[in-house]
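What follows is a structure written as structure tokens; I'll ask about it next.
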Amino acid sequence: MSQRIGFAGLGLMGSRMARNLLKKGFETTVWNRTRERCLPLEQEGARVAPTPSELGERSDVVVACVADPPAVERLVFAEDGLLGAARPGFRYLECSTVSPDTTRRVQAALRERGADALEAPMTGSKNGAEHGTLLFMTGGERAVHEELLPVMMAMGTKALYCGAMGQGSTMKLIGNSFISLMLEALCEGIVVGRRAGLTIEAILEVVQASGFASPYYAFKGSAIAKRDFSEHFAIDLLVKDQGLMLETADALRVPMPGLAAVREVFQSARAQGYGREDICAVVKTLERAAGEPQV
Amino acid sequence: MSQRIGFAGLGLMGSRMARNLLKKGFETTVWNRTRERCLPLEQEGARVAPTPSELGERSDVVVACVADPPAVERLVFAEDGLLGAARPGFRYLECSTVSPDTTRRVQAALRERGADALEAPMTGSKNGAEHGTLLFMTGGERAVHEELLPVMMAMGTKALYCGAMGQGSTMKLIGNSFISLMLEALCEGIVVGRRAGLTIEAILEVVQASGFASPYYAFKGSAIAKRDFSEHFAIDLLVKDQGLMLETADALRVPMPGLAAVREVFQSARAQGYGREDICAVVKTLERAAGEPQV
Amino acid sequence: MSQRIGFAGLGLMGSRMARNLLKKGFETTVWNRTRERCLPLEQEGARVAPTPSELGERSDVVVACVADPPAVERLVFAEDGLLGAARPGFRYLECSTVSPDTTRRVQAALRERGADALEAPMTGSKNGAEHGTLLFMTGGERAVHEELLPVMMAMGTKALYCGAMGQGSTMKLIGNSFISLMLEALCEGIVVGRRAGLTIEAILEVVQASGFASPYYAFKGSAIAKRDFSEHFAIDLLVKDQGLMLETADALRVPMPGLAAVREVFQSARAQGYGREDICAVVKTLERAAGEPQV
Amino acid sequence: MSQRIGFAGLGLMGSRMARNLLKKGFETTVWNRTRERCLPLEQEGARVAPTPSELGERSDVVVACVADPPAVERLVFAEDGLLGAARPGFRYLECSTVSPDTTRRVQAALRERGADALEAPMTGSKNGAEHGTLLFMTGGERAVHEELLPVMMAMGTKALYCGAMGQGSTMKLIGNSFISLMLEALCEGIVVGRRAGLTIEAILEVVQASGFASPYYAFKGSAIAKRDFSEHFAIDLLVKDQGLMLETADALRVPMPGLAAVREVFQSARAQGYGREDICAVVKTLERAAGEPQV
């Protein structure tokens, strides 16, 4: 593991991913907008960089896992941003879910300095980050994908190359659109089913015995049955991703009427104060829309 | 197999289900609104009844698999309808997907004559009917469910008891709501993904490697990749079921904004002439909405 | 005024319409499902019929203004229904908002007995009924339209002939679709505008100074500003009409994505207990969806 | 008219607005991204500036009417942008429809240089611009509103002060949301109505005799009846504005389910190639969704 890794963004996902890099023996330096979040990893052996540019200077590859396009802007393009450390051979692995536009802009800027980027948004949520079983969807040069495979394989189990820069992000956003509609189906089904006298368990049993079964329904359905809305993937983030998908579709001139409708339900969930809860908390918004008392 | 079975409704599903009853050794009489459809089964050993009431007279159990609530009306309540043959001990197994209201009305009428009904809508589409691997979701008396298990097991592999009459139908309609949103997610994803340069195969690979994977995506995705829109489950029928679900939700006072939005896309598919094609033909409607030339 | 008028259905609209007939000097007999509602009109000079069939026997023209298709079923086709009184020359003026299917079925049944019907759903809500300024949209034979003009003109100021039986109802349902989308625009605008610091008054001033001004915005906007949700047109009834419109569109194979989306918001309003309030109470549902505390 | 006016953006609206300034005797300099568009106005007496910064230098007030936020970026913040000419007393009148965020950012930058801005998006479309009957919705300092009234009154008949910078833009976006839903109501009504045998003329007659009448329905309805889709307000621009409204609502945490649904229909219209046609061309998209042959 001769590569020195920098890790930017130590949230729910990033902190777990950085930990796996450490465990696999990578020399790892971390940076986070608020320094406190660096402390646990520092105790486990990570170094802490005071700025993104210093993070870049101390690393051969910087992995980023931040919240949204403005956070990437700050990380890369700010005065003390990563770009200042870009040099031939430097690599940037963008694991954040952002728009294809953003990743293309970052790549272009890095290339001007002889560096390069790979976008590698991932799926697997908190558990996948924890256990190192994430799935990466990459976009960029195939050679850079190959080059960064060992880094990705320290955090996940699979990396699918999707094509040019932007196509990995698009793939990720499409995936989150699937999640959005599946969760809406599950939650609408639960609300109407319960009112008709069906239990969540009975609904899940039928769904899971059907051709349209999915591990996702078991995962989210049992959380809902337990009223456990602790964050695996926060509503705030999904609403952001839905917005990026619709923006991308807008640029491509493709209507997405299903996603657009479902997004407004998640918007309502966020407006009702569930933004930091898991995306399955959208069931509470549908319950309220159906006139149930808040619990 | 001492029970004599009657089978009403020999469409895509019904003809295959009746054949399985025959194969399993049940003495089977069939009836269909248009007599031609009875011929193949007649050659395989089924008797043919000229009217529903005679079908009922010659059978201990009548299984129905017809298109919609008006078809059930005609079958049961017409002058020559099944009701005329209802008598103590007679059983009616309603496998059609209709509204809870309809099945409750049929049950009430049968009970007045000492007979009873079980609703048992099923999932599995054409292949499940062909291979006898259907899943039934039943509603009615549990004793009647037990009593009719052997008949169901001749056509399927599982029968889940959902509760009182109406709850099986509601469960089935919820299942078709899942299918509707999942197919919309798949097709929106395919249209936007292809425009961004992603192939269907790449999208499916990512989806199937994700936590939200489902055999359904593989099944429908590969049909779309081959542009094979031959009927497994027709758009006409799904639009009908979506309408029954929204009607049921209306009666229960539950908004279903996701399903309502998605239904209009399927409505458009039907209006554009794809009603007799498989539900995955909805991708053509989304392609047209995105300005692609018709193919 | 030699014609004897029967009036069935003394709700918010019907009681006011019947009163206008009385005032204009028509000999008027009334019937209502619950008899209490007849008392005020009885005191003003109306006779009361115990059943629809007796109402029909005592009248040359029966005007109906009932809640929904099942109420028309009961009124016309029940054992003691109007149909029993149908005879050559008898006229039925259907002012209820029901589906084209319903009015066509009623007409066909009456014609078999030498009678005929005109559908004449109306717009103008409570104030129009009170002041005799309703607008009728009629469907049926033009000759019957002409014949019943004096009756309509006793309750309104205009009757537009729309064509064959069913076309008047369709026109009415289209009108209620306009109302639905306009009210949604108004209420979404108010909720988002207020959060941005704009007052309802400012929004209305701009709207009413624009090319898309409408008296409807002034009427409903000022009610919302005063939080006066007393019934002019109840949410329960609009949700019913939206359902009839979507059913009619379904039969005609026409998607209505805007109406379908908006209907779910009104569904939610009804589920939240605002069904008997005025349709502008939908603003409360949108406020709740936006996370505002209930007031 | 001692004020020297600069005008940036000579599109469908801007060219007509600039002409009115000239006619009213203002000394007017114009700038457009593509110079050809300046020629007609040059012949009518306007000077032409080669860059926005020179436009600013030669003017006391610069009025802008450009397509979208990136166009404002270019106009104001580019190297040769207006900002270079900002000085104490300089005024910028932003008539483009952009997001509140954009106008606030422009104002802040100008203020740093002692200048100030007023946002004044307008309604009235092509005819209003032509005849000088526009309605402006302003945001910014009230004193600046008063100061710029004479300029606005040379192009329109009314200027409503809406509050702080951003509130004028929000008001405008709300107005375009009204337009979106009203047009959807009109076009859905026309498509379903015609299929039921009703003419556009009959629908308009009823609508215009109703409480929800609006001059807008007459204007757009008669264009649709004539199949005249020439641009008054282009679909491209409305889709852009709908996006800005949803983005603004997103920032304010307010779901807008009606607008979100309707936007996808307009998205489809744009994808189908109607982007440069008038917004009433959305009727063609709804016709295609309903299976009608393209004409």
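First chain written, first letter: the chains are A, B, C and D, and each begins at residue 1.
In the analysis below, a residue touches a chain if its C-beta (ideal position, glycine included) is under 8 Å from a C-beta of that chain, and two chains touch if they have at least 3 such contacts.
Given the structure is predicted, the values throughout are model-derived calculations rather than measurements.
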Labels of chains that are neighbours to subunit A and to subunit D: B, C
Which of A-C and A-B has more C-beta pairs touching across its chains: A-B
Chain whose Cα centroid lies at the greatest distance from that of subunit A: C
Whole-Å gap separating subunit A and subunit C, where each centre is the average of the chain's CA atoms: 51
Distance from the mean Cα position of subunit D to that of subunit C, given in whole angstrom: 38
Subunit A and subunit B: spacing of chain centres that average the CA atoms, whole Å: 38
Set of subunit D residues in contact with two or more other chains: 249, 253-257, 260-261, 264-265, 268, 271, 289-291
Residue ranges of subunit B in contact with subunit C within the complex: 239, 243, 247, 249-250, 253-257, 260-261, 263-265, 267-268, 270-271
Residue ranges of subunit A in contact with subunit B within the complex: 100, 123-125, 128, 135, 137, 158, 160, 162-164, 166-167, 170-171, 174-175, 177-182, 184-186, 188-189, 191-193, 195-198, 202-203, 205-207, 209-216, 219, 245, 248-249, 252-262, 264-265, 286, 289-291
Complex contact set, residues of subunit A against subunit C: 257, 261, 268, 271-273, 285, 288-291
